[in-house]
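Attaching a single structure in structure tokens format; questions to follow.
A, B, C and D label the chains in the order they appear, each numbered from 1.
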């Protein structure tokens, strides 16, 4: 079973040279730590920054420079600042190539639910609905099962949706999966030591297994 | 050039009445109009509808309005960083309309730009789509969203001139420039107010035409929500 | 009969303190010369400038600084530059208070035609359609009759329209007129030495004459 | 940061094919991509659809494309400052679609911003409205207009960095920033190309995400159409 860091590390392998990327809060944020340094990529923060740098030194902290998670950050040479309408123009216009975000549920059609649990206090969708409705490539980072053991990969989502037919790939603590055009989770890779049987038993939606399923590699 | 200067925050907000709709700039606590917030707290206006991406924290920003029960309705994309908000929401004292952040931004921009409605893909197939027109363009589904305007827009800039031209700093820019366009009356508070002609005309973020009142604020606290540092 | 300069001078009396104003090409441009200096107003150029200054000295000419008529201009202290989308956001959003423009025809409903003559080369509407559809107050500056003697104030326009029910006031070489809410040209002022009878004979649309019509004054 | 630099105009335009749709920045002759125009003339591409507010003059700007019969269709708001344009239009060699200037600007902005359609009051009741949906909002009539995109956007900036960030000067800005957002491939030529990190991030007009290729142009003529001076 992968740690959060390992999920992030595996997702980092999906990143391509010259991509503009939006990373959600949680595991997706960790992906930044594992992007190979020979790849030139730019991270977008939807509150209005292209080119997110590392966290500042104590002496550099600037309240006028935060990311979408409201954390203090820095800029990089070549960064640009813009307003919120421009930021979502970039996102909706398809200029951001890759969105990586967390989820509470994903359906075998690629629907995603990640913003609201009935009965719990609703904090809001923030930019998630715009991101999932617009990005060309969407990767979900999440645990395969909820804390009480229920599969988060479902035939249809039970929670209120964030977007429909948008997720392309899912990386969990157990597996890498892709959404089939006709619906279903195509099992692509197993976490080290995890059997296909275990993944099968923990995937409530239709699981598609074509031939031998390789283990993930982390070199 | 038209001089938009007013004396201070109290004068700037003096005609904001009970029941007014206010747009308030900021993302989290960054770039919020701190001086106008203080002036409105002192004035004690009620039943406000507030358009703001977030709702502050318990003891800062819009959270202070909630403490004083000044807010009837919030229109936001992400709220609930504060307990009083949750209490008022669950008790039914407070109404909340949640919108996708990009839809919120674009509705505000449309309000300022004389565009009464537009189509966006955000929210298709979700509860955000309920009651909205869905339409297909080039094989993809979109929702029709309407423009948002406000009686007053309260924005915070880094520098401004007496003609109302504004320059923002860092990600404190966020919703401020678009809200400045969508207020029937836009009030800008700035860290530094300079004479018209002191700013480079090429580097103005908000042209003065959108700003009706401007003043130099003071005692900016600029509270940080998540102080993350590299050691 | 007023000269072009006098038409501009009369229109300048309509300008109010603290207005943002867009001036069209031709007579409207001349209005700038007659705006009382005690009024603070800002002229908008739809190619992206607030705060149009005077023409430059020969040594100051900058090809990167022109007005919508493509004339070289200067800026003023407090000017701001912006792109074309922002410029028309200002116009459509009602932030520009007053638009003054020329016309080939105006109807008694306030329709305006000023961009196209069938059979002649069409140059395009430029920003005129946006301006007339959006401005809160629109004043037309034009000759009362065409060069061949036909009235340009008509029951309905014969030329292709630029906008409908938008003109509020018209200043011609003969008269100042307002559009009545129910339709018709309300005669407000006569040019010095011009009789009501002459204006009547040269106005093809419905002319509304209430009481004594004063002569324009130019102090 | 991603390096967007290409060697020169010839390399920047090398994959622009016959039949392509191009957006070209500029208002009149101010802020036009002079180097890209020259490179395309040398390359000799045909049947172009060009989105540009104006069409140049006989011997400069897009007028040069017309001389070489490279243009199939113009989408503009104001044209006909040149005789060859008029000749080709009247002879039926050239197709022209005229749009209100603000509608043109907003359709381009929508194209870049993922907004497939919006409503505008410009053109209601005129021939511009023919075939378009008319709809009432708050008692006023509006036309639905569709987004405009292009295979290539050719823009001209004052300064740019290797990451593709652009800064414009004066009214040479005009349509350039919005077109930069609406090209599948956006080519920016700049008077001065500087390393990433040389420009103030707060003062970028076009963030580099919109620009795929950038180069430093040369020999800018910047021809003036109406030289008006105060004596």
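The rule is simple: a residue touches a chain if its C-beta (ideal position, glycine included) is under 8 Å from a C-beta of that chain, and two chains touch if they have at least 3 such contacts.
Quantities reported herein were computed from a predicted structural model and do not represent experimental measurements.
Set against the Cα centre of subunit D, the chain with the most distant centre is A.
Separating the CA-averaged centres of subunit B and subunit D is a span of 33 Å. Per-chain Cα centroids separate subunit A from subunit D by 36 Å. Subunit B has its Cα centroid 29 Å from the Cα centroid of subunit A.
Taking each chain's centre as the average of its CA atoms, subunit A and subunit C sit 55 Å apart. Counting partner chains per residue, subunit B shows two or more touched chains at residues 106, 109, 113-115, 120-121, 168-170, 173, 202.
Of all residues in subunit C, those that touch two or more other chains are 49, 81-82, 85, 88-89, 91-92, 134. Pairwise, the chains that touch each other are A-B, A-D, B-C, B-D, C-D.
The residues of subunit D lying in touch with subunit C in their complex are 27-31, 53, 76-81, 86, 89-90, 96, 98-106, 108-109, 120-128, 158, 168-178, 205, 222-231.
Those residues of subunit A whose C-beta lies close enough to touch subunit B in the complex are 45-49, 54-58, 61-73, 81-85, 87-88, 91-92, 111, 121-130, 133-134, 160-165.
Subunit B meets subunit C in the complex at residues 1-3, 109, 111-115, 161-163, 165, 181, 195-197, 201-202, 204, 207-210. Contact residues on subunit C toward subunit B in their complex (touch as defined above): 18, 20, 40-42, 44, 49-51, 75-82, 85-86, 88-96, 134. The residues of subunit B lying in touch with subunit D in their complex are 106, 110, 113-121, 135, 137-138, 140, 142, 146, 167-170, 173, 202-203.
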